[in-house]
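Beneath this line is the structure, given in structure tokens, with notes to follow.
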């Protein structure tokens, strides 16, 4: 084992975008469906028959005391001997993460305090803008004022904000700041319709610009996700005009598959754009090294971040880290072997991506 | 040689999308032009100066008793000593294919019975929808009724249907089912203009929805093809709304270059979407392993299929199989070597792609 | 070292798209900003923290007598001991380039004669169309006549023309030839506004069709560049209709990142389309081999060209060649090792890309 490999294995990560893990019991169908991100219906095949499924068997099995590549029946049987909190206490600390930045926009899973307790690390909140909007819709009085009040209150102790605009019509079209009058009218219409599931473009744009005004890093779901998202409209290049208006507030492009090269270009083009391949890394399994190498094309090394985007099975919080360590070791190991990077450079870049960039960006 | 390599070499394939090979004599110009898919004019350079040309010399030469990498003069001279049926009797059995699914939409080549006889395997028809439309335009009486009658008659003994919508305006725009009245009007207009080469969007959409109603797998030409196709409009993500309307009828995305990652995403997102990299594999030659690896990113392993898309030179029916075996051995071999897959997993996935998925899907 | 490696190292290149290097002194900020192509603002991080920055330290350091991977302070200190002309006299000859095709559209750097003198090679002009337009706007009398006169005069001794349409609205929309009346009206409007920075689509289209009429190769900036360019609108597939109208005038697609596979497809589809990965190769550094391999997918080998797109630091003129030699050796070396290409094929393709294709195309 080389010094570089030892270094990669030892570095403590900041997981800069993650959700809670399950804390309540569920059946095998729930587990297998959680291994498929894109499909929103019950799977007709096995969720294990994918790069992610194979990666769970290869890398998570041993954490449960099983041999690598154990078959899925044995994996499920062994997993069923633990409750979800016990699984979290095995998998979360195993990730080697010091700080978790938890997007609290998805209910029914561990909250920020739970993630800290189950992992033995620190946890910080990422506030989801569309959730703030839905709270503001239910609040009395002026919508814009309510949104601003909730956002500032929640963000005071949070590390940043997050938008799922990709799931609410995508990035295409005007993303400029709407006028107060437009906001008021749109809010009235939305409240009249019940104020659930924000899809109104005016209010979505309003939320984004409120987040820009806050100055804390603003994360965007980009590319790969479930099929409610039109992947064509989740191309980060469609954010160009918005980024031009962003006046220095850090913008973090999450996941990015299959647009990781476009995202890297934006990270080179704008001082305030950052990229991260979380979620994709888990789903790519054995192909994660190829993806991570592509992510290291145009993006300056001070602009690349780590996350798992784990959600649901505690395996995913661990696996993101395990696959990232494996993949980055392979990718930068090749750059060293080919003589293009020194081993010292490689270690420094590993540290930047693992935690240095995120520590600076989120001040954690 | 590893057990895995032996396994890949031995598995009998189902070539799930192929055309007939030549059965009549032609000159060298015809041969060289057939090595370039995209250009529709006479080539100004040599058709051999490409990945496909090099692959023919490397892999097909030995089938004709020539050394690997023989120069193109010698290759052409040796090839000219055989007639096209003799070449077919050498190359088709050499592919190790048990079943050929033959798209009969292109005339002037071997028909389904010929492919079976020349290869010693079984052959099944894939009915091209645009050809059915053109038959219906020539039939007397109501167009929609004629289309339905021809489609059901031909499909009764066929394995599936195929659309070349990519060549008839692409996937952009509305692909919903048109009303009977719209169909009747569009058919009248088209028949008035002679009823050749279907480009009318209403009738193209009608054909697709008739095929959905049939329930048999519906294949789409996706991405790479000749330059009549606007590659921007052949992005499979543009099929999103159509797939949402497909109600479970299997949809097979063919070729997919350079959109193989987008296609793999759709295969993960929808239980009824399948992907296949045929045609691309032949044209990528030495780069086929990299392409096949990308095809194994997001697509579940139960959703990936094999085809050659061979058309014209019998070399292509053989080469598709040779390059696929070489490429998949390399791709899954790397997954095993890196510890992400077991060798048993790799063999099982090879079997699924080689034939298991197609056998289940087409019931052959 | 293999015969192939020796061959790649020894071949004299034609750098078919390059700009002048600096000839006047500048500070460290200028140098670091020149290592980032996409950003148009002062960098907040170090320009060295990128694949290009690492490649400069690895490959350019030794030219200045420094060890590989020297740290950036030491690199800058050593570089500062030379003036820009001295640096050019070290780096340009080191590239092993016999002929430089110099786009003279960017002021403030070495001109064509300077590049020849500093490198010891030959240099030829590439005339930038948008610059011709700006000269014509300042000329007296009819705009179209002035444009034609300037273009023919300058092009008489030039190797070809170049368009930066990608930076002037991109490739989307109508690119047909405008009528004389439209041109006259657009020219009048533009001259009334001062005639600076051509962005008028009519006049841009006029210039392109004048260049087609000239018959000399027409180069297009494609894809990756600075953020003034909307990367979505710099997809070469948007040039499809224009290429269909090009009547055989050679069209050269430059840079192409991240659209190198789309560009390769166009090179297969049209006898008169050529591709080149210059600029991208420098910025990809350790990832250049992967990019060059993708460029060798669909493009026939007679259609691929070499360039550095060096501009500013003389390092870039050298580094383009060094990374191309390293990358192509790796890419074609793999094709030979896998048995898909013979070593003789590989050498012949190297010669075509290094100089044979450009010599034929530009008659240099």
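Per-chain numbering from 1; labels A, B and C assigned in written order.
The definition used in the following text is that a contact is a pair of C-beta atoms (placed from the backbone, for glycine too) under 8 Å apart; a residue touches a chain by one contact, two chains touch by 3 or more.
Predicted model only: the values in this text are computed from it and were never measured.
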What topology does the chain contact graph adopt: line, ring, star, complete, or other?
complete
At the interface of chain A with chain B, does the proportion of residue numbers present on both copies reach over half, so same, or stay under half, so different?
different
Go ahead and note the Å separation of the Cα centroids belonging to chain A and chain B.
37
For chain C, residue numbers touching 2 or more other chains are none
Chain B residues touching chain A in their complex are 235, 237-238, 240, 261-262, 265, 268-271, 293-294, 296-303, 334-335, 338-342, 344-345
For the complex, give me every residue of chain B touching chain C.
36-41, 43-46, 49-51, 54-55, 58-59, 68-69, 224, 226-227, 230-232, 257-258, 283-287, 289-291, 326, 330
